[in-house]
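Lettered A, B, C and D in written order, each chain numbered from 1.
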Amino acid sequence: MVRTPTLWEETSALMGGVAALPEDVSALEELAKGLPPDAASLLKGFTNPHYIKMSITGLKIFNTALTSVLERRSQGGKVAFYCFSFPRELLDAMDMAPVCTEAAGIIPVLALGCEEYIDAPINAGLPDSICGGHKATVGMIVEQAEITPDVIINAGPGSCDPNAKLHEWMAETWDVPLLNLDAPYYHDDRSFRYYRREFRRMVERLEEINGQKLDYDRLKEILEDSNEQIRLYWEIQDLKKAKPYPLSNIYCVLVELMKYIWSGRPEAIEYFRIARDTAKSLVEKGEGAFPNQRARTLWTYSGIYFDMELFRWLEEIGVAFVQDCFGWYPDKVIDTSSIDTMIDGLADRTLNQPMTRQHKGAWDGPAGWAEDMMFLARELDIDACIYSGNLACKQTWGCLRLMTDKLKNEMGIPTLRLETDILDKRVTPTPVIKEQIEEFVSNLA
Amino acid sequence: MILAGCDVGSLSAEALVMKNGTIIAAEIIKVRPRPEQSAADVMGLALANAGLGYSDIDYCVATGYGRENIPFANGNVSEISCHGRGAQWLVPSIRTVIDVGGQDCKVIRVDEEGRLQNFVMNDKCAAGTGRFLEFMAKLLRVGIEDLGPSALESEAPVSITNVCSVYAETEVLYSVYEGRATADIAAGINRAMAERVRALVKRVGVEEDVCLTGGVAKNAGVVKELEEMLRVEPRGLPIDPQLVGALGACLFANDQLHGSGA
Amino acid sequence: MFTVGCDFGALAAKIAVMDNGRMLSSAIRGITAAPEQVATDLLNAALSDAGLRAADVGCSISTGWGRKRVPFADSQVGEGACLARGAQWLLPSTRTVIDIGGQNIRALSINDAGKIVDSNSNDKCAAGSGRFLEVAAEALELKLGDMAAVAARSRTPAKVSSQCCVFAESEVVTLLNEGRELADIVAGVHDSIVRRIVAIAGPVGIKEDVLVCGGCAKNERLIQGLQAHIKLEMKRPEVDPQLVGAIGAALLAQDRLRKQPGT
Amino acid sequence: MLAQEADHLTTLCETLSNPFVESWKKEGGKVIGYACTYMPEEIISAAGMLPFRLRGTGCVGTSLADAWLTRIANCSFARSILELALTGEYDFLDGVVFNNGCDHTRRGYENWKAQENTPSFMYMLPVPHVLTDDGLQWYREEVATFKNTFEDFFGVKVSDESLKDAIHTYDETRSLLKQLYKLRTQKAPNLTGAETLRILVASASMPRDEYNRLLKVKLDELSNRDGISDYRARIMLVGSTNDDPALVELIEEAGGLVVADSLCFGARYFWDMVEETGDPMDNLTARYYYHVPCPRMYGALKERLDFLKSATKEANVDGVIMQAIKFCDLHGVENAMIERALEKEGIPTLKLEREYGPLADTGRFRTRVQAFLERLGR
């Protein structure tokens, strides 16, 4: 018997109004007024007037992505849970019902708050130092078995202990296969060859579980779409260099969401296209996405998601959220000429996913955290870094001093250290975060 | 036969004396800096009350933080077992005991004979303990026991977001300065407290009947919040809930005197 | 050109009245009423000490936890900037500021120009702040002011892990149970605070000169402990160390007046 | 005389360095620190150097380390080791080899490496996180690379013969330690869990030939000793790494005799033998790769649970205490899974979060252990 996926449906129902929204800020604000505080503040993050079209396109995906998984399942698709750092296009090509483990909880949290669910994993005996990115998902599972997977994929164990361990816990809870792709410590040819073999084995296992072979024509079709998305992504990365900053801060947040839950699908491509067009026309006019810009910031971890309004607020105080580590996808266009090039291309892409890429090996190694952040800081002409300080992230906290010293000493870029749970507003509430950012930014001058 | 239980916690110390299975005297005091002082003071009072002396005690069990340092005790048992045992003896249908003490919060599951089945105890910090309430009550210049009744009048509890007691203190302080009604602040405190307790309760789960012990059980506001959050109706106890640990110790004294039990 | 700086902290409010790089008067008060009231009283006290009227003040800047609640402030500035400005004025060679307040610890690294290049503070947990000392003093039935002197008598300080201010009490009680000397326990409490401060200050890169300020800078034992751990001299301002932020705010007010033509 | 010498085995854990290390150094010997049970010590030993397992012993606070590994997110054991490195306590090391065992140790290594004064040889030997043939091959290559780098750096050559000798010596240790473990699982064990830990810590802190010699003496002495029968319950201790006997003593003072464990300073360290016929590098790497897995090996829960369950049976365990150092998610999550599996089989468990060594809050730990023993009805 399938239980009602209440949280996802609740989210979808609550946010249902976005489906019919015109591309108009006041309509969005009007809709927000009628919603409970969490959902309202979520919508308010999307109110940059230049980007209202992009915002609404993104919101619609936000609202329907999870429930569409249920539809896919009802058509017989096997449910595959995957850690966010995975190219979901593969699962689409296999007609599976792909669920990003992190997004499965994050989306309801953003709309509904869900503190009860965030606390539930601790009640299930898990340590409270696990990541907010998983707490709500696990909570839903424990409390109401929202949806159960047929298989769980983790493409980068070793880049984050709590993450890998949580996926192991979930596989054990439901007694379903856990496919770990071992991401090696290095970032060289040998590693990529090793990882490609890992990836192939995973594809074979997925085919077994799914009861059918991967349809390569379908994969080709999907990857060609996905390639289009990558091209747009790079075009936008280039536009980001413009001053004043031509994108809305919400762009980066949605990039992650698109990648996690909708990558390669027409709506996502549409999202990137609108973003590109809007940014391009602003750059041509020499305008910024918001006025009085005073700092271009690189978020060396991720943004803070429990209150999306924060991103709009940053615009109001003139702070550009130019880039974060979790939105950094150094993806290459995949050669779709043969089965092998596609599978290898996907494997290579997976090893370059955020977090896996930066944290599987040494902090200062090739494609390590330091190299990537220094590159982005230089490339995007960054004034200051903000570390959102997700308390669960032992990896980054464990080399934060090294990282901030390097940015400070080698590039003269200061870093603000926040201590938060990026998904639990109770840990460090928004006003405290705002105060710290405000002070930090005012000291930059 | 005279049995005694002595519970020395971080905020208060309790002594309870039983004669042939009946409670004949009980006392509660605020702790002194050293547990042996607290124990001597509170047991002295209880014995005087019962018209007895130390030599009359056949067996005494100590419990609580200072349990290992009570010179006149014959044995010691953890406060976790004592609260479970004591509460279940008082109300035989009790299976879950929520004990909120001075700096610990424990959720204790017992079987039909009061034997410990499972438990959890807070470990991170003092959030969700009696000390939290004490800190807050002090700021409001009311007794801990008054936090309950005053809160019941509130219609708009203030929200307390900080988990750290010290920061929560500042939040409360400012609510006071802002002229928020004491009832609203007290209600906010009770709610914050209950939320922290609930988080712990969920870890072992609730089997009914449930009761609350420890000083916080006397705070009607917290009890009411917990009732709503957990959707259970805690059973009232026929004695002061702060005495349950000492009572449990007395019951273990009986076991130990007869060579059985913990 | 008279200016006022008001540092409205969580537990105490501080004010300084300055005249062209000279401090005319100052005042410190615990917060026991509505912030607006406390701030106004404080201003009146400081002004009357300096023989001034409110109208004489060219610019007032507030800072600190409750800075938005200071009614007479012309503008508000973050604590870090005020501490840096104040520290640099009091001791121009300052490169690191360590501020140990009632519930907050903050460390700043500043460059030759007085600009903040790095800062760090305790956000989520008040362990290691002045409050920790207070709770321990209460549990030991000692006066806060006597703590450093008691600690000075210790030869083998006890180990106190200081996970939480509130648990400080139980740790202290446990140590008493174990029969440890009072002086050793008090010394242990100090040491644990020192370790916490060092851990918060460390990430900014501690360089000389180091200026320690905030209420706890008055505690000799803490200063000695910091010196022993950091192995650098800990300097203290010649004024009350609680005033550094307020002085900095008043100086920033002065800077602001100077920038405005015609004043 | 010999018996007195053998007492070293139970006291070496109390200090970081020890007379054996000191005289080794005095004779011009080199000492190489290592951090994890995925490091094949035999290679170091075969090169004529002394492998020394990194510990936090003697650390009284972590203020210097906390500026690198933070106390709000990082493990106190890793912080303690870093503190000892920062305060110069590890200056006696000529080299250090880490594995990417967990997030905390990895970063601990990197922070150590970034300091001005470090041992001249600092090496990271990464281990795959899954157990596959391909992974074994990768690990085999990594160990070979380590061996070459190590040989080049120190100008030594580790021949197959010397490696075989070292493997033989280490296998002897392993079988001796298994005998020791047997003594502890008896109905009336000849030694406490704290003593066992002390003896195990010594193995990783002194020359191995000497250790084996003393361990035989110790085994002799222990088997002639009266068994312990005045305990309240038989406990198995699992979870985060621990080199501090005080943790076990806390449990044993409360009356819970620790008769089994699956710790990495414990059974997991010596349980599996190295095959002695065939290519020594193949044998060595296969053993270190496939030994009773640490929770950092994802997808190997079954292997770990099997080991645990059979250990509880063999030692006739009344209850299992699962501890995790704060922020140790590997063991924290693992413990949640173990709890579920064991309670299902009717084995009572106690889950504890703790800090390492000097940072521990013993009073609260003790209360919970005592209540657990009371729960066991003992």
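Just so it is clear, contacts are C-beta pairs under 8 Å (C-beta built on N, C-alpha and C of every residue); 3 or more make two chains touch, one makes a residue touch a chain.
Keep in mind the model is a prediction, meaning the values are calculated, not measured.
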{"item": "Set of chains adjacent to chain B and to chain D", "value": "A, C"}
{"item": "Pair joined by more contacting C-beta pairs (A-C or B-C)", "value": "B-C"}
{"item": "Chain separated most widely from chain A, comparing mean CA positions", "value": "B"}
{"item": "Interchain centroid distance [CA atoms averaged], chain A/chain D, Å", "value": "38"}
{"item": "Cα-centroid distance, chain B relative to chain C, in whole angstrom", "value": "38"}
{"item": "Approximate Å spacing (C-alpha centroids) for the pair chain C, chain D", "value": "44"}
{"item": "For chain B, residues contacting two or more additional chains", "value": "65, 124, 163"}
{"item": "Residues of chain A engaged with two or more neighbouring chains", "value": "125, 391, 400-401, 419, 427"}
{"item": "Numbers and ranges of chain C residues touching at least 2 other chains", "value": "124-125, 163, 167, 170, 174, 202-203"}
{"item": "Interfacial residue positions of chain C with respect to chain D in the complex", "value": "124-125, 159, 161, 163, 167, 170-171, 174, 191-192, 194-196, 198-199, 201-203, 229"}
{"item": "Contacting residues of chain A [partner chain D, same complex]", "value": "124-127, 129-130, 154, 157-158, 160-162, 164-169, 172, 178, 180, 182-186, 194, 197-198, 361-364, 391-395, 397-402, 419"}
{"item": "Residues of chain A defined as touching chain C within the complex", "value": "391, 400-401, 404-405, 408, 414-415, 417-419, 427-428, 432, 436, 438-439, 442-443"}
{"item": "Residues of chain D defined as touching chain A within the complex", "value": "67-70, 72-75, 100, 102-104, 106-108, 110-111, 114, 124, 126, 128-130, 132, 134-135, 138, 295-296, 298-299, 301, 324, 326-330, 332-337, 339-340, 351, 353"}
{"item": "Contacting residues of chain D [partner chain C, same complex]", "value": "60-64, 66-68, 70-72, 355, 358-364"}
